[in-house]
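The structures considered in this document are given below.
In what follows, chain A forms one complex with chain B and a second complex with chain C.
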Partner chain A sequence: MHLDPFELSQPTTIEEAVRLRAEHVDGSDYLAGGTDLLPNYKMHLNVRPRLIALGNVAGLDGISLDRIGAMARLADLERDRAFASSYPGIGEAIREIATPLVRASGTVGGNLLLETRCFFFNQSEFWRASLGYCLKADGDRCHVVPQKEKCYATFSGDLAPTLEVLDAEVEIAGADGRRRVPLERLYDAQGDGIHRHHMAPGELLVAVYLPKDARERVATYLKLRVRPSFDFPELGVAAAGRFDGDRVLGLRLGLGGVETRPRRFDELTDPVVGSRLSDERIRAIAEGVVRQSRPVHNTFLAPEYRKRMVGVFVRRALTKVRDSARVA
Partner chain B sequence: MATGGTRGTRLLGGRIPYIDGPLKVTGQAEYTDDIRRPGMLVGRLLRSPWAHARILSVDTSAARALPGVAAVLTGEKYPTPFGVLPITHDETAIAIGKTRYVGDIVAAVAAVDERTAERALELIRVDVEPLPEYTDPRMGVEKVAEPIHARGLLGTNIQKEVVQHFGDVDAAFAQATHRVRVHGRFAGVTHAFTEPLVTIAEATADGRLTVYSATQVPHYLHRALSEVLGIPMHRIRVIKPEVGGGFGGKSDPLPHEIVCAALSIETGRPVKMLLDREDVFYTNHGRHPTDNEVRIATDAEGRILAYDIDALIDGGAWSSFGTVTTYYNGILAMGPYRIPNFRYHGRRVYTNKPPSGAMRAHGGTNLRYSIEVGLDEIAEATKLDPFDLRTRNALPPNSTTINDFRITSTSFLKCLAAARERSGWDSKFRKLPYGRGVGLGCGFYISGSNSPIHFKPVMPQSTVHLKVDMDGGIAVHSMQADIGQGSNTLLAAIVAEVLGVDLERVRVPRVDSDVSPIDIGSYSSRVTFMMGNAARRAAEDLRAQLLRAASHRTGHPVEQLEVAYERIQVRHRPDVGVTFMEALHAAMERAGALTATGAYSSPPMGGSFKGARAGTAPAYSFGAYVAEVAVDPETGLYRAEKMWAAFDCGRPLNRLAVEGQVEGSIHMALGQVMGESMNYRGARLLNPSLLEYKIPAPAQMPEIEVLLVGDDDPEGPFGAKEAGEGPLIAALPAMGNAIYDAVGVRCYELPITPDRIVRGIEDRRKEGRAWKGA
Partner chain C sequence: MPSRAKGAAANGAEATSSSSLKITVNGLPIDRPCPPERILLDLLREDLDLTGTKRGCDLGTCGCCTVLVDGRPTLSCLTLARLVDRRSITTIEGVTPVHGLSTLQRAFVEHGATQCGFCTPGFLVTATALLEERPHPTRSEIIDAISGNLCRCTGYTKIIEAIEAAAREGR
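This part shows the complex of A and B:
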């Protein structure tokens, strides 16, 4: 398996990067940490002839308490003392990503925009040709749920659910300038594993912004996977809450690793604002999330089991948030 | 630095760091992929995307026309079949007539670089007619429409069937008080060695062929190259550079090795064939997916009366070691307990999947798992402690099993005692809180197969040559294959021990058939025992030469002399003597450089019935492990907290290496327990990558206490037996039984994935069967 030759552009400004990408709209990819993109290229997955490297682009870096540059390395975020002590919940999520080696290269932006994954997609050219190509690369059918309309590849980023429950916003640069959107609205609600987010071709993720009250929230991230290292999530649950004594001031719940996008469940958590987060309420929320989540068989563990574990992990995450808030 | 030896030795029995360690950790050690030859081409393989198909035509014209392509090869050119066992030659270097699995080799290319070679592969057109696919051994036990191989029994896909009966099993079951039946199901697992498969071949103008390869068995490769390529062995030179792990996966002569050599012959240039990880998964030869049924009968006191065993073994596309596998899945039940009645029916069936073969503790793990789980069920039924049950049944030393295995040394009872005491078993078993548990598993394995695979011409299984010149450096030549297990270090230490010299005098040059005498390689846990004995004898021969010279020099008869550190001296007058170098130079005066030879052949053993030689070995290893686990009953996730590994390898000659083997074995065993499995959709391997094939992460490793309690074996070198494979076996059932102790769920299927535990707990609750109050 080898990487085919590609053209490499190394812009130094956001505007230049966006312009280059627009010029080669179907023939290029942005290259951030490369920990996911380059292995995919080796497998000949949607290879583009040009890579626009973001490493030298000014304005994409930097870590502060209210802004994370999209090119910040996951390991930098882990090591930044001020950040780590202000956002222990984000630290939990980062430490669950891949391995230290991958985190040294992998970026925040790359993790948020991680390509969705599937047993039938993340395979070599030889393998995919032998079974028949799928919707997501070179083919016209889905091997997970046999039909020709929709891709079920799983969103496997660990950072998105956590940043979603902190009400993070993302700044996006495009040909028409900059815009900011709440992170959870970045992802495609139609739930398609190919058109997975609402960024226009050529748009560039610049930074993540955290609201003032994010630091006041108690947050956690729980991840299910076979091995406590290396593996992408079989499911990931993030929860964040603000409390006044026992009373809930705000509560958010995010789920990743199960469907084509990370999801928040405000309709289940909003009703508890103002009241106590009892075990019964936690159980009811967990049941609600389980009812709504639809894992398919495209990861290592069986979907029935993952669906059941969604309930356990949601309950544990909410209980943990509530109980840590009490101790604090 | 090496620490001192035990039981009267200077080095052996201590902790001896690997002599090749510094080179390996600094990257200076030379592996096959590090080798560059002038004008070297890149070889690539075209693999079949079809599981089972008749090849109608292979059109290579476009590939041949591509600039930069030096050769394109299809199967017809080398039709001679080969295979590791002489009785089952059913492989060809490249498929001829049909393809038998997704990944089978259909054509090969040599080109100036990787890209050109891969583009050439894309230009090869293969026309096929699909054939019925047999992906499960059950599909092949009756007559089939299109047998995978013509050699299948009576039009089926059965490659080998074994039926054995000793004693009277039916009568024993009829009179038994307790009977248990375990139906075990085991996914296939693979070696996943670190260094991928790689070969360099160089056919030269003098009509010779040199092959460098990542192999465990240079000699069998040498034979296969000669047979298939039609070149006499003496014109082929096989070199084994450093090898980064094998675990059985580099013990067959493999098709890519032969194809690489063929491409070099075609082109007259050196060719390198480096397989990527996916290629390695397709080459496989890993542990067989297996279904077994183990029935055990005991009397009221838990004494084993009989075993009745059936195994259905998924062989994949080739025979490989399969005939041996089929025997081992029954007869390795003959220890560590006394079995008075025994019946076995085993079938290994071809399927359209990557070939299964030999993997560390070959044939020993799946059978053992079912037996040890069954014994725990009997212990529970008889209200006996699992340790007491096993102690009661232990095979005695110096005994013969009902199928004529010769048992000499066994310290199995000492293993049981050590594991029980060190683990605190009596205060833990069934006493830890719900979710925590301890489990016992035991093991038994051959210490070197008594039967060499190739027995013509008759020759020793191991031979060692020593050479020492005036510089005082001693070279140990042999064809044993250090694949990371430390055999180079062991041989050097044995030679240094016998001669009394410093370890740094001894070098073990890489295996090279031009200079190394034949040894049949690193498999069946034979190297320490057989090569160790050969090295010891060679060193004793050399020592005799030095003693004679020292005698001449000192005027004292040889009988009065002894070897001390770097010195030969008079036994009761240590001040009178010569240094090693003085003795050496004295010995060299007439003969020049000294040489010495040692060899080992195992003694005759085994019965005279069909298959009697299978499983016979000059010694056997034994083990008793306790695992302590913590299970999360709600998620089914669990971890091994601690493992107490009591093992009888006779006398451990290099404790550091033996501990490493035990720890590495436990890691590999935990893989098969906790998540490693080759998963298929139909005939397609779903997870041919190290991301989706779940080798345990370092963080999943338990704390391990290695307890080496073996007594000296009477025939092993300095009392040693094997420690390379046997240490794996007991760890699997120890885990399964510990999970039962923790949450009351019997796991009959490996790997034990968390969903299976959750389902088991739920079933228990539905049936109202509480466990430890939960």
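This part shows the complex of A and C:
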């Protein structure tokens, strides 16, 4: 597969990158690791005439215990000993992403802003032309839930649920300067598979920040996928908790791979704070998440199965967090 | 090319079809024009005739196209050639001694770790980098390291055994 010709910019500062993107707001994409964007370009999915490569931009790199640069390679984060020993839960999530070869190029920012996926979208141009194009690329209808308004493509990043349950924040650069928002609020609850972020066109993800108490949380990430390597999640559940003996000091639960955004369920986990995380409470939380989650028929496994597995994975994740906190 | 783009090329910000690429491939310096959309795999196979690096899925799933960029295993099918400007590339041809085979390659032969052979260059490059970083990997580290390389013939067991044998023998 060959790429269609495009212009390539290689800015060296954040300001220059943002300015270039603003100049070509409808005709460009930022290029980070390329492991998601370039396959899509090869399949002629929403190709733009200009790529703005971020590899030479100063200020997007670096890994420390409270800050991860958006251009940090997933493999580098995985291998950073200080980081890995402080955040084993993040390590679990990273090792579930694609393959070591993809992680060697793929970046943290790229995984957080991963293009949503759908088996009517991630297909060759020939395949899509044969069926008729979809809302997300070149067409005007959705083949998953037949209508013309909303795209149901699934958010398939593995890192976001884990960073959300650790209350990570992200720094965003735009024409008007920098701002910081909780990662969870980066994703638009009223959006869809196309309009997914609270980011203005041209804004650039700079870094992820972890709060001080993130290191005190026991976290885990469990992923359902068809093959144990490479595959995107059919669902992913992240959980993080802080405990004083049996008493819950804080509990967070995140779900990805099911809907158009990774989301948290604070309304289900907050009531547990101050009490014991019993098996009954875990089961009740799991039932609550299952009730709210709405997988559709756009990934490999059937939505009915994924919905049931949401409950199983939530139970497993919460039980694991509780029991490993006891051991620690 | 518009003159603006040409002017910008002087400070390195813009790559145009007229921009030249300077890389080292298997120790040899290469300096040639390279358009922005040129994928490293195509540059190696079609421009430099280094056809040992294979095009499998072309989407990053199979690992057949793995090369080393500054010693690091990299999917050449998902790498824009322009973005490895001034870097050092090692392909399967580069990890093969001028005469004979490397310890790892011999181990692949002796253990029957190759059948149709299409995936073998990718496995060899990935495993070469693994043994460079960890001369004595555990079995599970080997399995993890090659989990981005697909083989449809061997069932992996013989590949894992070959890498273990090469590690025992030392490169």
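Rule of thumb we're sticking to: the second predicted complex is superposed on the first by the 327 of 328 C-alpha atoms of A that agree within 3 Å, B and C clash if a C-alpha of one lies under 4 Å from a C-alpha of the other, contacts with A are read in each partner's own complex, and residues count from 1 in each chain.
Note that in this section a residue touches a chain if its C-beta (ideal position, glycine included) is under 8 Å from a C-beta of that chain, and two chains touch if they have at least 3 such contacts.
Just so you know, these numbers come straight off a predicted model, no measurement behind them.
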Touching partner for A:L38 - first (chain B), second (chain C), both, neither: second
Which of chain B and chain C A:Y305 touches, first, second, both or neither: first
Touching partner for A:S229 - first (chain B), second (chain C), both, neither: both
First (chain B), second (chain C), both or neither touched by A:H2: both
Which superposed partner A:L131 touches (first chain B, second chain C, both, neither): first
Touched partner set for A:P11, first chain B, second chain C, both or neither: second
Between chain B and chain C, more extensive residue contact with chain A: C
Footprint overlap on chain A, comparing chain B with chain C: 1-2, 4, 228-230
Contact set on chain A toward chain C in their complex: 1-12, 16, 31, 34-35, 38-39, 42, 51, 53, 55-56, 95, 98-102, 104-105, 228-230
Chain A contact footprint on chain B (complex, rising order): 47, 49-50, 102, 114-115, 118, 276, 278, 634-637, 674-675, 681, 684, 686-688, 691-692, 694, 696-700, 753-755, 758
Chain A partner contacts - residues on chain C that touch it in the complex: 5, 12-17, 35-37, 39, 42, 58-61, 63, 66, 72-75, 78-80, 82-83, 126, 144-145, 147-149
In the complex with chain B, residue positions of chain A that touch it: 1-2, 4, 119, 123-124, 126-127, 129-131, 224, 226-231, 300-302, 304-305, 308-309, 312
